[in-house]
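Letters A, B, C, D and E mark the chains in the order given here, with residues in each chain numbered from 1 onward.
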Amino acid sequence: MSDSNKGPTRRQAHERKLKRRSMILAAISTSVVVAALVILIPLTPGWERVKQSFFNWDIVVRTFPKLLNAFLLDVAIFAWSVPLIAALGLAIALARDVRDPVFYPLRLFGILYTDIFRGVPVVLVVYLIGFGIPGLGLQRPFNSPYLWGTVALVLTYAAYVAEIFRSGIESIHASQRNAALSLGMSPSDTMRFVILPQAIRRVVPAQMNILIALQKDVALLSFIGPVEIFRQAGVFKSLLASFTPYVVAAAIFLVVTIPATRLADHMLAKQNRARS
Amino acid sequence: MSDSNKGPTRRQAHERKLKRRSMILAAISTSVVVAALVILIPLTPGWERVKQSFFNWDIVVRTFPKLLNAFLLDVAIFAWSVPLIAALGLAIALARDVRDPVFYPLRLFGILYTDIFRGVPVVLVVYLIGFGIPGLGLQRPFNSPYLWGTVALVLTYAAYVAEIFRSGIESIHASQRNAALSLGMSPSDTMRFVILPQAIRRVVPAQMNILIALQKDVALLSFIGPVEIFRQAGVFKSLLASFTPYVVAAAIFLVVTIPATRLADHMLAKQNRARS
Amino acid sequence: MKLQVKNVHKSFGHTKVLNGISLDVAEGEMTCLIGASGSGKSTLLRCINLLEPVDDGEIWLDGAEIADPALDPQPIRQRIGIVFQSFNLFPHMTAEENVMLAPRRIFKTSRDALRPTVEELFDRFGLKDRMHHYPDQLSGGQQQRVAIVRALAMKPEIMLFDEITSALDPELVNEVLQVLKSLKQDGMTMVLATHEMAFARDVADKVCFLDKGSILEQGTPADIFSNPRQERTRDFLARVLGPR
Amino acid sequence: MKLQVKNVHKSFGHTKVLNGISLDVAEGEMTCLIGASGSGKSTLLRCINLLEPVDDGEIWLDGAEIADPALDPQPIRQRIGIVFQSFNLFPHMTAEENVMLAPRRIFKTSRDALRPTVEELFDRFGLKDRMHHYPDQLSGGQQQRVAIVRALAMKPEIMLFDEITSALDPELVNEVLQVLKSLKQDGMTMVLATHEMAFARDVADKVCFLDKGSILEQGTPADIFSNPRQERTRDFLARVLGPR
Amino acid sequence: PCATGKTLHDGTLTIATGNPAYFPWVIDDAPESGKGFEAAVAYAVAGKMGFDADHVSWVRASFDESIQPGAKNFDVNMQQFSITADRDKVVDFSAPYYTSAMAVLTTKQIVEGGAKPTLDSLRKLKWGAQASTTAVPMLVGLVNPDSDPMLYNDNADVSAALQAGQIDAALFDLPTALFLAAVTVNDGVVLGQFPAERSTNPDQFGMLMEEGNPLKFCIDEAINALKQDGTLAKLEATWLAESTGVPVIK
């Protein structure tokens, strides 16, 4: 009984063997596949053309700095939209939770709002608001496509964020509400001190996914003017007659979105594990 | 004790009173708000212009049939994409679950695949694949924008669908796996008969949300040629110098997406209730 | 009588859950509700605390009717403490914050003013070194004791307990039951739904057997456990205590 | 000996959970594992069924070593039935489908060929009219009995039970324990982890007291319950049975 | 001079062009050089209005963005905007500075495949056009193709689709078609042009301004003067030379 700390146990020995074997197998099969790809793909008849069109290194070098610069605009639009979205989304979530009949119009508004903005393609909202509203004769600077493009994104994403907040609020078990009410606390205090703090914490991973989607949808603003990375890549594409700038743009997006998505997945998985 | 079925109980009487009161209040406050909107908005200086631009009834009548017709193309693209997305998504989800070291490249591919296609904006993928691949010299009909546009959507959405399947598989409590294994069932039978049927059922609401997003993103295919509803609205907009066609398009989308979203929300809420 | 329940009816949809319950609880007395799962014990306690509106019937607390649907339930709930089966501590707050939240918001007392009383309560129930822990850092028994402290901090006139030990590991049951004994010694009026027959027999002043939403039989523990008059009561006791 | 556990060790990460367990189970005998929560009862049963690989030590079934990590666990698991605390029926299948799935896939038997045996089992445990119900249409006790039938349908040589009554309402406990009694009469070899001390005392052939991953004391029920030799055993029994 | 106090920035004329701006209207996407027809016209008009080359500044605006109603970030925008009555309701156009024929851009393969500059032959082709231009209604009006046309956001996308064989032919103004055939599209061919009288409204290019821009009068005056003194014709000859020899569609 006391020798269990000396030397590897039988299972450890077995697992070490297994692990060595599977690492070797994985290494072999991976190298075979990678080698096949690296050797065979350049032999295909269209490869030169694909390379020219999608992976032209010269064009990467030439366009990268300007594309990166244009991406800063995406980041900026994202950065100033997020707090607005969070605030509006929470307000609408709470509006939909109001029980007092006097405020029924508020609830109705909340319902209509989320239905409409979740139902229409973002690009349509961007066109309608980003082009339509300035077209009503607003004077500069109030007709800026940055302004109205942002409004379009904020209105759309606030609808999604509101629904997630609401689902968070509803996911808090009734017993928490009961516990607070049974102590004599008022419904608004219960919401503020007991339900909301838990609900908000619980929906962080879902909201992160929405933010990642937003970061990508910022590209749609390019259709109403702002020269952000997607538009800049389009300009290069027409000047250079190559799709490489789009590939570069995609790569720049991935650098931001992959870690963010991974983080969101990780948090969500942790939460799911904790719940079950 | 026996009179409880005769006449309204005290609570029923009270609730009836409350209900009447709150219905009156809600009706009053709603009518006040609606009346204010209906009376005040047309008095604002820009209203004529907004109406001209966004709610021009003549234009609605003129453009509606063609827009509806164009929407059929959206529906068709959606309809043939969905089964492909489901199949590819499930395959990738299972590829990421493979434990045998020989198939490590498959797992690696699954991880890279979902990371990349979830990380790049859909519109970028549509441009890259929808324009880039046919540009490599494919002959008709293999260069069709419908084909490659569909491929772009399928590749992108399969990544999301795969992640949801995977989360579904992981959400099945380990005890189900244990129960099946403890009976002596093989891991693949366990997956096929015990885990997958439950996982798929569980992720239906989440997948529905993805399908609604897909239905809306079909509009992005218009950028590579197909004249679906969004493009058709754009053509009308530039011919008629009015945003009304976009509003009509938005309304057509809402007719499909609102009921679908409602249904998804409902199923999700039911599931959450069942779980807690 | 401290608490009087008079002919209370309650349905959920078309299911009748309480079917004319009447119950008197005297000051300082401990009343135990026993009965099969689904017999309506929890619902009765929730009705007394106004978490569920009763359909019909009256509930009197200290000579005033409290179940009138036109009344604001908030001040009444402050006077009645309740502890539930599964731990309903607020998971985002420490034990101390859990206890202080309601008094702070309702009586507008500061933390500092509350601290002495709260510390005393924690101390009394052997939780002094757990005050700054979060619920998930506490064992089930500790969580239940904090939940009791939280209810007591509102200085309720009567306490309701809904199977507060049934989600606990068997070894943790006793520490919670000890707390109830000690509250009884202080003269607290208590109503508890329980499956712990041994405890009910030894400690309760009165035992009520609920069956399908009615009180089928009530009396001293000795009456109920040794000489159950009703066939159903005998059945139930046989199944629960029965030969295993 | 039907089953021999020899000096089994098991850790999760750095927590030692089984610390050199040795246990002999004779053919047709019922062995009860008792002990505080976390003492390792479930882990031991899961190790015997090869759901957890043991770190060190040996497990012999019918004279053959089964815990060798190089062996394929699948055919061994078919010979050992296990039923868990929370109902692990497959919720998307009826009771009958639950029972038939494994034999159909493993022995490639058709439904029709299986039906007589399965119906007999359902009948024997009073479940005949519940065969075509889904798990959520069954009570907890019925679910547990179906889980037992499911394990028996594989014709195991030995059955393991892991606190199969602790998630049940008190009134449903007995119907499940009756099943165990009846299996014992058939001569089934059984190992069960349980908190039902009364049952262990009345029915078990051998009782083992686990404490922190070791078997601290084992013997006949009379030995353990009436004359526990170890201080810790006495403590544990006092707490569980103790004066409430 | 006429423009004093009417421009966006005092003393400077702000002119917008496309992003990118296309040959032969602007050479090398560099309007500042004054090379290319529209760039040259821009500087000539500016000169007439009293702005020397140093007081002309350029901004970029996409096609879609420019024809939106509302306030603008430019004084005038030159981007081959066709003057139409509907557009004139929401923006202002200058007097036309160029009148274009519409032409059919296609590729050698299609011509070798038997496409002829006749309406019957054209009708069978798969068509594309830039979505927000007047080419769309003209395509229906002039050709009325058998299959529905594909529509794109900009010239580059139309040429990419033509190149990829997703469409057989596209309708452009003649100079653009000539340029795309010569430079952008491999094996590009201008199959033919439509006689001006066949078009319901001949495609006239005007500078685009915000609705009610007081500058319109000055610009019109300058353009008319350039038309009178032959400058416009000369610039046309310089930058849009090769338009002869394209067969007329029957």
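One rule holds for everything that comes next: contacts are C-beta pairs under 8 Å (C-beta built on N, C-alpha and C of every residue); 3 or more make two chains touch, one makes a residue touch a chain.
Everything numeric in this text was worked out from a predicted model, so none of it was measured.
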Joint neighbours of chain E and chain C, given as chain labels: A, B
Chain pair, B-D or A-E, that carries the greater number of C-beta contacts: B-D
Distance from chain C to chain B - Cα centre to Cα centre, in angstrom: 47
Chain C-chain D separation of Cα centroids, rounded to whole Å: 36
Shared-contact residues (touching 2 or more other chains) in chain B: 53, 131, 135, 234
For chain D, residues contacting two or more additional chains: none
Residues of chain E engaged with two or more neighbouring chains: 64, 69, 90, 153
Complete list of chain pairs which touch one another: A-B, A-C, A-D, A-E, B-C, B-D, B-E, C-D
Complex interface listing, chain B residues touching chain E: 53, 131, 134-135, 138-140, 143-145, 222-227, 231, 234-235, 237-241
Residue ranges of chain C touching chain B (in the complex, touch as defined): 7, 9, 19-20, 53-56, 68-70
Residue numbers on chain A that touch chain D, as the complex places them: 1, 4, 9-12, 14-15
Touching residues on chain B, where the partner in the complex is chain D: 175-176, 178-186, 189, 193-194, 197-198, 201
Complex contact set, residues of chain E against chain A: 19-20, 29, 60-62, 64-65, 68-71, 73, 90, 153-156, 184
